[in-house]
Amino acid sequence: MSSTVLFDVPGPRARIRYRAYAVVGVVAIAALLAYVVWRFVDTGQFEGRKWSWFEYKQIQISLVEALGRTLSAFAVGAVLALLFGAVFAAARLSDHKWVSTPAAVVVELFRAIPLVIMMFFFYYGLPSTGIKLTAFTSVVLSLMLYNGSVLAEVFRAGINSLPKGQSEAAYALGMRKTQVMVLVLLPQALRAMLPTIISQLVVLLKDTALGFLITFEELLYWGRQIGGQLQFGRPLIPTMIVVASIYIGLCLLLTWFANYLEKRNRRNKKVIHLDEDKAKQIQLGEASTAAPAGGAAL
Amino acid sequence: MGVLTRNLDLFVNHFANTLKLFAVSGIASLLLGIFLAMLRVSPVPVFRGVGTLYVTVVRNTPLTLVFVFFVFAYPYLEIIKFEFFTAAVVALTLYTSAFVCEVVRSGINTVPIGQAEASRALGLTFTQMLGSIVLPQALRSVVPPMVSTFIALLKNTTVAAGFSVREAGAIRDALSELGEDTLTGMLWVAAIFVLLVMPLTYLQRVLEKRWSVAR
Amino acid sequence: MRVRTLAAVLLAGGLALTACGKEGTGTTDTGAPAGVFEVAKDVKVDGSPTFEKIKSRGTLTIGVKEDQPGLGFKDPTTNKYTGFDIDMAKLIAAQLGFDPETKITFKTIQSAAREQAIINGDVDYYVGTYSITAARKEKVSFAGPYYVAGQDLLVKKDNSDITGPDSIKSKKVCSVTGSTPAKQLREKKLVEPDSNVVELQSYSLCVTKLLDGEVDAVSTDDAILKGYAAAEPEKLKVVGKTFSTEKYGIGLPKDDKALRDKVNEILEKSLSDGKWDQIYKNTLGKSGSEGKHPTLEKY
C-alpha cells in the first residue's frame, strides 16, 4: 500500500494492529449483512412466489418496454442537454453583453430550480395556458434545462482553462471569432472535459427516475406497479432489487466509459492537459451530484 | 402575486418543512459522510472496501428509487417503522452522505503528501499533524464543493413531495385542491428556490476564489 | 478489448432473458355475457370534434385505472383490463361503433393526472371512479353519472375502534393525492391535524400502508374499498358507513356537448335494457351488494 497523506507506511506493530481492526471490521460487517439477509429471509422476500412474476412473458415484455422508456428519455435528454449546453456556453463567452448576460441569467436560474418543480411545471402547470405536454416531453425538457445549464458551465470552464496561446494563435492565423470557437476551442474543451460531461450524463440517467413523480411509466414506475400485485404477494422488495440493479449497472457502465475515455485521453498527446486543480474544482463544484470521474476509485 | 398572498400560510408551512427536512438530513449526512470518508481513507483495506462499495452503489442509484425503497419496500422487512418524514430524512441522508464522503475524501487527497511528511519529519504527533497541517488545508478545498452538495440536497428535498411529506414540492397538490392557479403558484415556488439557492451559490463562489490554494 | 467483452456478456444476458416466458392464465378475466358489447353500426355524432378525431383515427383510447380490483384492474401477466368501469367503457365504445376487442386501447391514468390527460387529448374519454364536481366541470365535461358511490373507510379486519366518519379524528387516514376523498377529509375536518391525512399516488399503496400499520384507515368510495376487501377478506374490511355521495361520470373533453349527449343516451339505454345490470352483476355485484341505478344528470 502506498503511503497516503494521513498515514505513514505501517511498521510491524501497526500492521498487526491494522489486522486486528480488519478482523473486527469484517465481523461487524458480516453481522450487519447477516442481519439484513435474515430480515429478507424471515419476511419471505426470497420465496418463489415473490419472484414468480419474472416467469411471465407479459411482465418481461413490460420490463423491457419500461427500460426502453427510461433509455429513450435518457438519450433524448442527453442530446438536447449537450446542445443546450454548447449553445449557452458559447453565448456566455460572447463579447456582446446583450448576449452573455441573458445567457448567464438563464444558466444560473435553471441550475437553482429543482428538477421536480420543473417537471411539475411542465406537466401540471403549463396545460392551463393551452400548451399540452406528455409526461415524456416534460421529463425530457426538464432534463435538458437543468443538465444543459450544468453542462454549459462545464463547457465554459473547459474553454476558459485552455491555454491562451490556442486562441491567440488562431487569431494570428486570421480566423474569425466563430471559427476560433467552433474549430479550435470547443473541440479541445469537449475532449478535455469528456469525463466530466459523462459524469453529468450519469446524473441525467438517474434523474429520469424523477419521472416517476409525474407518472412517466419508466423503470421505477414499473417496479412499483408489479411490486403492488397481490397475486404475487406484493413483491415490492424483489422488484426494487431488480430495478436498482439495472440502474446501478447502467450508471456503472457509463462511469466505466468515462474512465476509459479518460485513460485514452491521457495517452493521446493531441489533448491539451488542463490545469489539474482547475479541472477538479469544476468537477466537484459543477457536478457535485455526479460521480467525479477523475477522483473516485470507481 | 395573488396566489402567494392568498395562501401565504400554505407557502410558509410547506417551505418550513422543506427547511426542516434540509437541516435534519443535512446534519445527518454530514456526520455519516465524514464517517464514510474516514473509512475510505483508513489504512485498513476492509474499511476502505466497504466505504468504496457504499459510495459506488449509492451514487449510482436514483434518489427516487431510494425513496421508494424506504417508504414502500422497507416496511416489508419489519425492522423499525418510520414516519413519512423520517423515511424521507433516511432516504436523503443515505443518498447525500455518499456525495459528502467523496467531497471530504478528495479534499484530504488534495493535500500533498510532502506536507504530512514534512510535519512528521519535524516530529509532530498524528493529532498535531492532522489538526494544524492537514485539516486546515483540506478544509479549504472541501468547503466550496460541500456547499454545492448542500445546494443539491436542498433541491432534492422536493422529491419527498411524492412520498406524503408536505414540503415545497407538494405546494402544487395543495393549491390544485384549493382550486388555485397552479401555474402561478409553481412559478412562485421556483422563485423562492432561486432566492434560497442564490446566496449559497454566491457563498460557494466567494469561498472558492478566496480559498483557492496556490500550488 | 474490455469493452467488447462487456458487450458480449450483456448480449448473452439479454438472450437468456428472452429465452423463457410463461403466458398469463388470465384468472381475473370475467368475460361479459354475449350481446352486452354488441357493436353499433353507422354511428353519427354531429358536431362533435372529438368524435370526428377518433373516427378518422379509427381507434379509441380510453383512460382507466389499473389498480382497483373489481372496477378497473390490469392483470400484469396478461395486460388485460377487467372490472365494472372497464365494462362500462367497453359498452360505450361498442355503442359508438368501435369493437371493444379490437378497436380500443386502454390507458392507465392516475387520479391526479385525469383532467390533464383529457385536456391534453391523451385519452378520448375517461372511465375510472371519476367523481363529478363543479371544480372539475371547469376543466372537463361529464356524462352520467353511471354509478353513485359514497365515501367510506377501509380498516384492518381486527380493528374495532373505527366505526365511522366520527371516529377517525386523530387517526391516520390515507387517500390518493389530489382526489376528492382526501379533500373531503380535510374540508369537513374529519381528520385533524391536516398532516394526519396521508396522500400517496395510488390506493394500492394506501392499502399497503394500511397492512403494515403505517396508517389506520384508507378512505375513498365504498366501491373501490370493497374491491380491496374482497381480494383479502381475511385481513381487511369496509366499515360500511358512507358519508358522502360520489357520482361517477364519464370524463369527456370540455365543450363537446354533442358527444356528451350521445354518451348520456347510451347510458340511459343501458339502464333501461338491462345491460347495466348485467355488467354490474358480473363485476361489482360479486361483492354481494345490490347495485342501485343512478339518475342521469344532463346539462
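Brief remarks follow.
Labels for the chains are A, B and C, by order of writing; each one numbers its residues from 1.
Everything below uses one rule, namely that contacts are C-beta pairs under 8 Å (C-beta built on N, C-alpha and C of every residue); 3 or more make two chains touch, one makes a residue touch a chain.
Bear in mind the structure is a predicted one, so any value in this text is a computation, not a measurement.
Comparing each chain's Cα centroid with the centroid of every protein Cα atom identifies chain A as the most central. By number of C-beta pairs in contact, the leading pair of chains is A-B. Averaged C-alpha coordinates put the centre of chain A at 16 Å from the centre of chain B.
Look at where the CA atoms of chain B average out and do the same for chain C: the two points lie 40 Å apart. Chain A and chain C have Cα centroids separated by 37 Å. Residue positions of chain B with contacts to 2 or more other chains are 72, 76, 78, 162, 176. Multi-chain contact residues, meaning those touching two or more other chains, occur in chain C at positions 112, 201, 205, 208. Counting partner chains per residue, chain A has residues 124, 224, 234, 236 touching two or more of them. The touching residues of chain A, when paired with chain C in their complex, are 53, 55-60, 62, 123-124, 127, 132-134, 214-215, 224-226, 228-231, 234, 236, 253, 256-257, 260. Those residues of chain C that touch chain B in the complex are listed here as 112, 135, 177-178, 182-183, 186, 194-195, 198-201, 205, 208-209, 212-214.
Per the touch definition, chain C reaches chain A in the complex via residues 2-3, 6, 17-18, 20-24, 27, 66-67, 69, 76-79, 109-110, 112-113, 116, 119-122, 201-202, 204-205, 208, 231-232. By the touch criterion given at the top, residues 41, 43-47, 50, 52, 55-57, 59-65, 68-69, 72-73, 76-79, 99, 102-103, 105-106, 108-113, 115-116, 120, 130, 134, 144-145, 148-149, 151-152, 155-159, 161-162, 168-169, 172, 176, 181-183, 186-187, 189-190, 193-194, 197-198, 201, 204, 208, 212, 215 of chain B touch chain A in their complex. Residues of chain B touching chain C in their complex: 72, 75-76, 78, 81, 84, 162-164, 166, 173, 176-177, 179.
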